[in-house]
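Next, two complexes with chain A in common: one pairs it with chain B, the other with chain C.
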Partner chain A sequence: MSILKSLLKMRKKEYPVQPQEAAETGPDLKSMSLEQLKKRINAEFGSTVDLSMDELKTEGKDALLIYLKTMIDTKLLKETILQSLSVKEDGIELTTEDDLKSLCKEKFGGAGYQLVESFDDIITALLYGNIIIIFKDMEKALSLSMDSGEDRSITEPSTQTVIRGPKDGFVESISTNVRLLRKRIKNKHLRFEKFIIGSETNTSVYIGYMKGISNEKIVQEVRKRLGQIKVNAIFESGNIEELIADKSATPFPLALNTERPDSVASNLLEGKIAILVDGTPFVLVVPAVLVDFFSIAEDYYQNFMMGSFLRMIRYLSFMIALITPSLYVGILTFHHELLPTPLLLGIIAQREGVPFPAVIEVLLMEVTFEILREAGVRMPRAVGQTVSIVGALVIGQAAAEAGIISNIMVIIVAITAIANFVSPTYSFAAAARLLRFLLIIVSAFLGLYGVLIVLVFIVAHLSSLRSFGVPYLSPVAPFIIEQQKDVFFRFPIWSMRKRPAYLKSQNPEKFPKTGSPSPPPMEGEQSN
Partner chain B sequence: MLTERTFKRDWCGMLKENISLSQLLTLLINFLLGSAIVVGVGGDAKKDAWIAIAAAIMIGFGIMLFYYFLISRVPGQNFFEIMEFGFKRPIAIIFSITYVVYFLYLACRVVRDFGELIASAILPSTPIEIISLTICLLMAYILYLGLEVLGRTSEIFTPYLFGFLFLLTILLFASGNANLYEIKPVLGDGLKPVLNALFPTLIVFPFGELIAFTLILPVVTNFKYCLRVSMLGVGIAGSLLLFAMFLMIVTLGADALQRSNFPMLSSAREVSIGNFIERIDALVVFIMMLGILVKGSVFMFAGLKGLEYTFRLPYRYFSLPVAMIVSSFSILISVNFGDHWQEGLEIVPYFLHLPLQFGLPSLLLITVLWKRRKKKAKPGVKGMKF
Partner chain C sequence: MRKHGVMFAAFLTAILLSGCWDQRELGEITVVTGMAVDKGEDDKYTLTVEGINATELNNRTASGNAPSIVYSAEGNSLAELTYRVNEGISRHLIYSHMRTLIIGEELAKEGIIDFIDFLERNREIRDDFNILIARGGKGSDVLKVTYQFQKSTSLKLHTQLDTMMKDWGGDPGVRMNDVITAWTAPGRQPVMAAVSIKGDPEAGPSAENMMKVTPDALVILDSLAIFKGDKLEGFLTLEDSRNYLWIQNKINKTSITVKCSESQYMGLRVYDTRTKIKGKLENGKAKINIKIRAEAYIDGTHCNDQFDKAKTYKESGETAQKQINEMVTKTIEKVQEEYGTDIFGFGEVVMRQDYQNFKKVKKSWDEKFAEADINVDTTLIIRRTGIRTKSFLNEVK
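Right, the complex of A and B next:
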């Protein structure tokens, strides 16, 4: 309920001057009769079907119980509230506000009740799944959370799956998500702040950070940017991501999104800030730098050598996904001499019957593959078989046999596609998908020189990006030697003692120096 | 577009930017390698080119020290602002415009070198205009994003430069093309050819061109270590150049080296291992392109800084127009590659490089020192520490 309290405060802060609403809240609760109140609320909600208003009598006083049937747990309501209200307490007379307070203390003490007075607050409370009890001739109404809490249960994340590591993922309910984080970081310094964003959806957005670890300036910047959002609707963290990014004209994601509580928790402890949005399992982590999109939680759960190897594989496959098709076009169009002669002859022989130049062939296949991929994601599960058969057989094999494309082209498209799937973050892989087409087209005109030009262009673009003021390519450029332990390689955990320097954490050291673990001295051996 | 909140603004509302020491180091390395590695330097000395380069590195240290000394007289000010300090604004503007033309001309030369390389070796049927247009557009984009982005870009690519150079060396020796006997006889023709190569061509190109860094040194974050890092940069770049030249000599031999327009490319073409690794031109072009990109951008940046000083407008506004000027003049400055070379070896060193790299800066240094002294003589005014 303290959340509700801050929520109500927030609302007041967010809409400081709204004349017409202020006029509506004019008459206070005391001056209206219950009948009038009923009418008024009915008018506000336009007698929507799920609005329920019951009159009841408690402590010898008429009261009105209001709630949205669909938002609350009716069983809980019957079992707790109505039962305790029906028990008559002696010696309490509801006349003053103090009486109301003591009644509430007695009956709902500890249940997190709240006294609200303005009409606006009542409506907001109703929309968030609270019940409201208005007593006759009282200035304040009682509000109690009865959220039904019916949500998807915690399941394994559908993206970013791991072999070793925790299998729980975030869900759509923001309070469950906070709980998942709290369960991992049992620390009083883990703070959450609430924002209400979206003038029509009133979506709850939390920011979570570690007090004393994360950089206060960055937290302030996040608060500022969230506060500046003036859109009507927020449905997914993607909306937020786009609204708070430092620069929107870029294919690269400037905030990390993840479904995994363990990776959010570890990022929080590095000094980053999590942004949780109600209604989506994807949590944003800012500031994000490029290397974050290549490291996953599992890197830290397995042997550091394997972790480093897999990380390098990820970088390699990003490059493969980005440039393979354009290399094919460039080499076949301009630089035959770069290939060993037998290989070149093989390719030429295969392409003999192909009626298109290399670039058309590549574009044709790449676009086809993108269509297939999109179909694979959107189609109803029942027809999944059809798409895979059509995709693999008809388009792959038959097109090659029909002489529309060469066999090597099928290999190129396949390796590009598979390499693209390696990327742990979907939104980052999307950048490679888009830029690939730019590279293909440029390499058709300028060959490998064009590929180089575009690559330098991409790097220049990347180095101009910032995520909440942090250079996107740090710690590689600007170069920080200490952080190289966690970029291309993953060093043993005992050696990674420092938090990322680019975040300018308040507490840059994670733990005291311990050195590597070593076996105990053998029996009979002198230990010194 | 510009992330303004992260920069401080200086006196005329321009965005202030900083580069780190490591970025300065990589800029210096790439700048010095730049076109020098493309066209090869010290060719006059034939087999002893490497000796000439070794001597030039020593002089290069001196040149760097000279520019650093000039810059550190008036802390935080770049070359053009120091000219204002020395000569007053109207004269400084005249000189800055001279320098703008000079820097942009040098940028044109660099772009032309690269254009000729690509057009003759990599993309023979593509017009050279397209090559210089594309590379200039890229430079314009980088400079529009700012010096920081240039620094970071070069920081990212420099490890690859070392990697590829290393790989090239291994491959040349592995394929048996490199023959250390080619280096003999050392100083077979006496010292004269070495000295001929050294003065003035090898001194003004590439080391004298470090004058462009008088615009970059003042914005380095840790100015204290600037001198050390610059010296390190000159040392590393000089040794790499020396090494590359040595590699070319032992691979091609003196005669082929002299006849070749692009000796580095010619030596890379010699590589042939096991019928699989045959042509690694792409690697070499990569090394060259990075150097050219940095060198061209640094010159263009120096020219843009001059325009910024003259017109008191942020230099980013000029980046695209100036890049287009550079792109077209890179074609117009000479009728063909031979003409371009002759210009670069016989005219530019004497009429442009010597006066503008050493003449004017020396004059400026004397004026600044004299003014400082006058100021120091007055009581209450603190002198600048070196």
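Right, the complex of A and C next:
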């Protein structure tokens, strides 16, 4: 009891908040000598090893060149900037701000220069990979972007692979990602807005949307929610997803994440909003509804019949992954009469000598499989084979042969696992993975009745979810007949003229009515 | 807040206190596929159950032991006996997969309606199992005979009767719910298939029996048992059984042998047949018209008929029609004369088509049936002659 009390006290204890430094804007640049400035910046960065401060004399003035060695392209620095600055010219004399401006125009026009004033701006610019040149006795300093641009090259996405379709995927660099989107949508209405999120990481987060297509209210809501984030660090879009979701107590993802530029592009054109986070190839798309997690870009690249078929397979797989083990437990412990006699006798024969009740057997195998799966993801690549051999042989074959589990159990675990991998979005498959265990336990106590109850709860829960105000089950509930063309089936592209109605797009029609393509009339036949 | 609490509690009660209560792990159950009820020595009934040894039915796990365990217990109600049999069997018995019920002849003669109520009322037992009479013996003996393929008699009979009914039509296809319908509906009496043991009943209950090419004991479909109320009246032959099915419009396919000339026969495979019955009461006498329409193909002939002319088809068809008329009429007459119990459900037909008159004779319908005028009219059309038009018999040197 006393331990509990002390624990509670600990929670109440407030930790001293670090003093906010942002309040003071810092001394203005003009009043400080270069030497003082140097000291000051060194103090700010705590003489970190990659900070470089060179004094130089140019344009008849003393100046200070500051940059973080690790963040910039030193080759570019030498080649362009230093060369252009070091040339002695008599024409300009730097005394006023205007002089500085004209110098910049002359020398760095087009290179994306900025004049910064405050001390904080200088620090931020340095952190983003800019170089700073402070001229003596000038109010403003020159900031030039010289980002090293060293990133992973564009490769095929490791998740959400397709057979037919573009093979490029997003990378960690946000500017590359924006470029990938721009290349697909050459339209002036594609807008990106920048947010800096994370009080300590200062991560760039962009939102992208189509002006005139996406619902302005939803865009505003996204802006609002991003603006409200007060965490110290953002490393992945998953952090953002959790912070802007309408509800966090749910196993279902409320934002779509994807590595595929084509899928983000098509979602943007539907009127959705993309959230790009610097440092991760996973881009968020909001608002997301349940059916988005069953449709993939490839559905639209192949024959619509095949697309529809595969989509239905995906729905089926989700159900298999969710309920097969619990059906096994439920039927085998409560509802023997549901099985055909030969099948029941076959299962009994197999389970003869299995020492566990069905539910223990299922839990044992499902947990074992989850362990194997986690091991498969985390292990070093070099030992990959070992895990699969151990998994397949030791757990599957040997356990069945030793009579600890029945053969049919191996089949159940296998079909569940394979069906779970069908889900195109990893975060959505995770929901089935979690709920499966709940279903197994409930079905062990209450039988199929319990399975039904949990399924009813899941549906009730799903219909209570919202993603940026959009009901999660739309367009199925609320039912929108027009959108059924793209839910369980994928209709031919020429027939899907409307944007999703639940998004309340400003421009609900994608293109004018054209009808299906048809062959030219035969010779002698009247054309209609 | 309190309101929510009450609602929540009510909700949890509804969910947690309901649910399935009959939890049984597969390792603790034995599936009962067959049941036999005989007259008891001291008490009313002897119940015999056949519990399947599932391991023996699976090819991979079988080791040549007995495929099932058959155990009997004696008592006055089946409801108690179904649980009493655990005095000899270790696991919980589940009855939801019961396929076959065999009733001993002796008991059937005394009446069976008492215990059928249990079978219909029980929550586990289905209502569509085969219900059979063990002719000239005890049901328990039939249940004990082993067999090569399904190994257990109850499973064997279930499959066998189905096959027989589909291919030839010897089994009346009577399930328990049919029997109950026949008892409750006016103008119909129940029938059941009857089985008997061919060979030595003592040799039946052993694993060796199913290892032999010609088993020492084999359960065969013997005849058709006919009832008056719940009492067994007698047996008809398998031929009659087929004719019974024909009248009931339940023939799927059958084969008949037609005499085409002196001691020469022709086989016909009948594959598409419909039967319509019209009945009415005229001056207190029942008139039943049975119209049978059938299609068939020639499945072998001893005669040198040339099937390249339409006339031959017609003539052969007419011969067959005549024979079917005779066959069916004979069966009905036999039932009328010997048993006077309306197993064909003609009363039902009359009730539907001539209700006002039927009302008057409802109680004594079986008497009316015994003296009814029966007219059978068959139309048989021969459509094909197999893969030969002319027989090679013509060209034999």
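By definition in this document, the second predicted complex is superposed on the first by the 502 of 528 C-alpha atoms of A that agree within 3 Å, B and C clash if a C-alpha of one lies under 4 Å from a C-alpha of the other, contacts with A are read in each partner's own complex, and residues count from 1 in each chain.
Here is the rule we go by: a contact is a pair of C-beta atoms (placed from the backbone, for glycine too) under 8 Å apart; a residue touches a chain by one contact, two chains touch by 3 or more.
If you're wondering where the values come from, they're calculated on a predicted model, not measured in any experiment.
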| item | value |
| --- | --- |
| When chain B and chain C are modelled together on chain A, clash or fit | clash |
| Contacts of A:K140 with chain B and chain C, given as first, second, both or neither | neither |
| Touching partner for A:S464 - first (chain B), second (chain C), both, neither | first |
| Contacts of A:K194 with chain B and chain C, given as first, second, both or neither | neither |
| First (chain B), second (chain C), both or neither touched by A:R433 | neither |
| Contacts of A:E337 with chain B and chain C, given as first, second, both or neither | both |
| Partner chain(s) touched by A:A349 [first = chain B, second = chain C, both, neither] | second |
| Touching partner for A:R184 - first (chain B), second (chain C), both, neither | neither |
| Chain B versus chain C as contact partner of A:I453, first or second or both or neither | both |
| Against chain C, colliding segment of chain B, chosen among 24-32, 132-140, 150-158 or 330-338 | 132-140 |
| Footprint overlap on chain A, comparing chain B with chain C | 334-335, 337, 341, 446-450, 453 |
| Of chain A, residues touching chain C in the complex | 332-337, 341, 344-352, 354, 357-358, 445-450, 453 |
| Footprint of chain B on chain A - complex, ascending | 246-247, 249, 334-335, 337-338, 340-342, 446-450, 452-453, 456-457, 459-461, 463-464, 466, 469, 471, 473, 476-479 |
| Chain B - residues contacting chain A, complex | 1, 3, 5-6, 20, 22-23, 118, 122-123, 126, 130-131, 134-135, 138, 141-142, 145-146, 148-153, 155-157, 275-276, 278-279, 281-282, 285-286, 289-290, 293 |
| Chain A partner contacts - residues on chain C that touch it in the complex | 15, 18-20, 22-27, 29, 31, 33, 52, 54-55, 57-58, 60-61, 94, 96-97, 99, 124, 126, 155 |
